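Let me give you the structure first, and then I'll get to my questions.
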Amino acid sequence: MASTLRAEIPVTELLKNDPKNWGRWGADDEVGSLNFLTQAEVLRGVQAVKQGKTFTLQVMMGHPGGDPVWPGRAQPVRVNVMDKGHYLCGKGPVFPGHAEYADDMLIMYLQGSTQYDALGHVWCDDQLYNGYDARTTAGKMTKASVLPIAERGIAGRGILIDIARHRDKQVLDRGETFTHEDLLAAAAKQGVTIEKHDILLIRTGWIGSFYTRDKTEFYQDFIEPGLTYSPELVKWFHEMEIPNLVTDTIANEVTADPVSGVVLPLHNALMRNLGVTFTEIAALDALADDCAADGQWTFLYTAAPLKVAGGTGAPVNPVVIK
Amino acid sequence: MASTLRAEIPVTELLKNDPKNWGRWGADDEVGSLNFLTQAEVLRGVQAVKQGKTFTLQVMMGHPGGDPVWPGRAQPVRVNVMDKGHYLCGKGPVFPGHAEYADDMLIMYLQGSTQYDALGHVWCDDQLYNGYDARTTAGKMTKASVLPIAERGIAGRGILIDIARHRDKQVLDRGETFTHEDLLAAAAKQGVTIEKHDILLIRTGWIGSFYTRDKTEFYQDFIEPGLTYSPELVKWFHEMEIPNLVTDTIANEVTADPVSGVVLPLHNALMRNLGVTFTEIAALDALADDCAADGQWTFLYTAAPLKVAGGTGAPVNPVVIK
Amino acid sequence: MASTLRAEIPVTELLKNDPKNWGRWGADDEVGSLNFLTQAEVLRGVQAVKQGKTFTLQVMMGHPGGDPVWPGRAQPVRVNVMDKGHYLCGKGPVFPGHAEYADDMLIMYLQGSTQYDALGHVWCDDQLYNGYDARTTAGKMTKASVLPIAERGIAGRGILIDIARHRDKQVLDRGETFTHEDLLAAAAKQGVTIEKHDILLIRTGWIGSFYTRDKTEFYQDFIEPGLTYSPELVKWFHEMEIPNLVTDTIANEVTADPVSGVVLPLHNALMRNLGVTFTEIAALDALADDCAADGQWTFLYTAAPLKVAGGTGAPVNPVVIK
Amino acid sequence: MASTLRAEIPVTELLKNDPKNWGRWGADDEVGSLNFLTQAEVLRGVQAVKQGKTFTLQVMMGHPGGDPVWPGRAQPVRVNVMDKGHYLCGKGPVFPGHAEYADDMLIMYLQGSTQYDALGHVWCDDQLYNGYDARTTAGKMTKASVLPIAERGIAGRGILIDIARHRDKQVLDRGETFTHEDLLAAAAKQGVTIEKHDILLIRTGWIGSFYTRDKTEFYQDFIEPGLTYSPELVKWFHEMEIPNLVTDTIANEVTADPVSGVVLPLHNALMRNLGVTFTEIAALDALADDCAADGQWTFLYTAAPLKVAGGTGAPVNPVVIK
């Protein structure tokens, strides 16, 4: 979010004819499209399990080469407050029985690793998801924070669409876009069908590439690859009733819409308007390799971000069971 | 861990005849009894799902009345760095399209909420789980940290044993103990059988009571209820090959063994010696109420703590699917 | 600042006839009454030095019994990131020559110890000191922050008025008030004259008492002793052109004006309107004992808070030379 | 401190014939050469004041372009927790009288700005200044921390030696060295004499250059200019009984001794062995310009770092009065 240019088209104008799910689940709803994940849908997810293989989707926090965070967010910092060094120096606490221990602290941006956005994390026109007043974000989100998402948790059928593989690339290019049509084409090539209420995982190879790229180059004129806005794409998400969009990019969509110039329009079109939950910075490479190897691209996806009261987002380590 | 008294019996002495799983999964193993959770065991967990109900087990972070943390650990602190207030003051960043956003930071003890302990979190006799040198804990855990647990993730059949209900109490008393025999008796009364490799969730009502108690009283002469050490209990855990112990207390066991006086002996007997992973400060009341209502005490348990490199532990929000 | 009651009298109304120094030092001024401390005044301060004795006025940060902070602000936290323990564990960095070192981090409220308030720290009626728009405080103070005060530094003649001694008390009572008339009476008893442009240090004994009191009792219905608002007191400060008010309380004034009920009116009357800089939580007991012993109550006072860009305040350790 | 090469010569060996002040001020001393600053010396400093001009010597914390910190230390982070934005959103606390306020937090390395080192910050051979056991540094410095220095404070005659001007440079080169002989030559050219017990301020132009340099270039193969070790230099500091060395570099000496290859030998030779206090990252350019303009290179120097219990160092904003 580096630019300060003003677009000709406000995002509110761009999206004015697009659908909204506000009020659909009541005036107090704060979890949006997760409401599609009924018990029956959870069971559909469970039925996708075939082999008992598990995968975890968070990126490492505290990678020696640095973690992939949005420009302007600081790296997470972890510090020991107790360890064997204290005992060797005669300064560890002595308990009956002489057990010893290590302990530590963490300082992080709540969106500084793989994370769920609160539905109210991004907005326009002074209104958050479901019409909540944007002023409720001040100091601490009191509406549509990440807490209700964390309390509910997410479980359902997940499907991985590997756009990078579909295009025979290790990683999509800087700013490279794709649409829901591309998702359907890739799914067809993978031999799978995206079903209504599927949790949609999309791999671009972008986050995986962070660890091998020069960091200055990675952040230069920062623009990620990703989905790009169109009324048709929004309609497709709406009709498919996608509860959760998971990608291996920092922002789940191409950083700036190449047509309108609007920054992150899908955060408003999908998250704010439809209540689609966003899971960002997911590590999908190992899962994708396995899916490509065994041909099973669907699975039970479970995740629950930390229950941070008032959080604009919260870190998460999703568990996939194939 | 408040006392500084020296016990007559070092914990090493207390446990000298007890079993160890060191080397069982190789010299490089860092996940211990999670190795019991093979693909077949994951599928056994999946088969426990009957209804599609989900529950999340983390306590809230940032509760208005304070969070239940071990004495000496500070409360988590969350602070907004961007929100609608900035925009109303003309100080929010202006992007093309005029989307607005909120963002925040978190400062926490890594074990300051529901969390997985690293297998090396507690030790005695200068050796961590699997025989790793305790000096590897200095500054940053380079052996048996929480990272390998987080990378693997946990999925398997979970079973909830409600000791508080078994004893017709809302909450166990300060320092009240129970044994594996009590677990078996409670399971029998619940009409369930603890099977080999089950993820064991034990409810005492303790953490739930934190929110309604006077905090000064809660921490006064701090001693939690919980399991208590005996060679037979360790043998039972060993033979049952329990991969993961989850409780609604801060330390998963009675704070000090009432017989030997040793502080937290099960951290060494079960975690260090057998490699049983510990999940602490879990919120089990809603799950227990539901299990008591529908009679289904077993389920798929999935969890993965944050992938914190070198962490002595990491927060987690487990997802249970019944 | 615990109450949420609404006063009958807005502070703006209470102070409507009181003097302001806005514009006196230009539209861009951010240091207020520190402008009175010309080079001549600095020399007057230097001339007050007689013996070469020095005193430092900050309270300890990280006292084992806790630090005196305003209700709601967290205690400072200091954590080592390197020390001998790392080296004994073979994990300290090895430099040519084998020097070793210790290093640490700090997390604190900027006003969580002895500190200078930014002139814009407290306001009413949407305007800060000098008429700056209160919206400039959002995210980061861009007007009347603590930075210009820190860049300028403070040096001048200081005078200590010991109200506690004047009233033959170790410490003033909770909520006990005094006026500028009391200051004059105490000065007379001490045999000193408060001169125009003197830096005014007032001792109540309050902060010193924090360390020996029960902390729950200290914070119960929190109300400090201190100066109390009157038009005459404001007029006196205005005419005396006091550049800096230093006290051994957390807020430099009685917490709530016992007449109007208004909370912290002097922050607006003196700091916002006149530009008097406020130094809070000063440790004055040792200095006071020495002054009582040798009869020298005036001295050179020097101080400069940390140069924190955009800070609402910043910690300081003033140096007094008698 | 980036290298991990092992020198042929341990610093202990390098310094084996050099003088120490251990025990000179008692077995409990923790302030070292500050003991030279007796009341008489403070008065000598006061007598150096001629004009009443003041200067503050800290660098800004939170400069938009980043702050000059030692490689590996993170930048300070300041975050608002209350400001006008909260009130505009209806979320600021309402007090009787309706005063409003702003508040903020800071996260920093204690040596991440202009700072005093604790005398025990750097050591060799398992012993800190005055012979204290290096194990006392674990977790929290319990000997020779920055606290006693902060409690005492520093006041005395300061003298500025401008090596950059002496060599007709804006800033010394990377790794450029100088000796006490150069200090004497520069002093002679400035027309001043370094007297016994003077607080010695040395300007290289290095920190000032940080703000205009490319940061990647600044940190590339990081090596600062500065004083370089010789037995004669140590002897000179010893005989001159210099209480405090202040420079505009991050480490007060050339990063690695070009002769022995030893990293930061003067930290051991001067600070650990002689008890000379080190003030690093000082902003000396404005002071130097003024001294060059009016020809007055001596002054009263006052400073007191924050009273951080157990700190390895603490930030400071020194005040100079000419």
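Each chain gets a letter, A, B, C and D, in the order it is written, and its residues are counted from 1.
The working rule: a contact is a pair of C-beta atoms (placed from the backbone, for glycine too) under 8 Å apart; a residue touches a chain by one contact, two chains touch by 3 or more.
All of these numbers come straight from a predicted model, not from anything done at the bench.
J.: Moving only to chains each one touches, count the minimum steps from chain B until you reach chain C.
T.: 1
J.: Examine where the copies chain A and chain D touch and state whether the two sides share over half of their residue numbers (same) or under half (different).
T.: same
J.: What's the distance between the Cα centroids of chain B and chain D, rounded to whole Å?
T.: Here chain B and chain D have centroids separated by 46 Å.
J.: What whole-number Å value describes the gap between the mean CA coordinates of chain A and chain B?
T.: About 26 Å separates the centre of chain A from that of chain B.
J.: Chain B: which residues touch two or more other chains?
T.: Residues 77, 80-81, 83-86, 88-89, 91, 105, 107, 135-140.
J.: Based on which chains touch which, is the overall arrangement a line, ring, star, complete graph, or other?
T.: The chain contacts form a complete graph, every chain touching every other.
J.: List the residues on chain C that touch chain D in their complex, please.
T.: 1, 3-7, 9-12, 14, 38-43, 46, 49, 51-56, 58-64, 73, 78, 80-81, 83-85, 87-88, 93-111, 113, 118, 120-124, 126, 134-141, 147, 150-155, 256-257, 260-265, 267-268, 300, 302-313, 315-319, 321
J.: Spell out the residues on chain A that touch chain D in their complex, using ranges where they run on.
T.: Touching chain D from chain A are residues 74-75, 77, 81-82, 85-86, 88-91, 107, 135-140, 142, 216.
J.: Taking the complex as given, what residues does chain B use to touch chain D?
T.: Residue positions touching the partner: 77, 79-81, 83-86, 88-89, 91, 105, 107.
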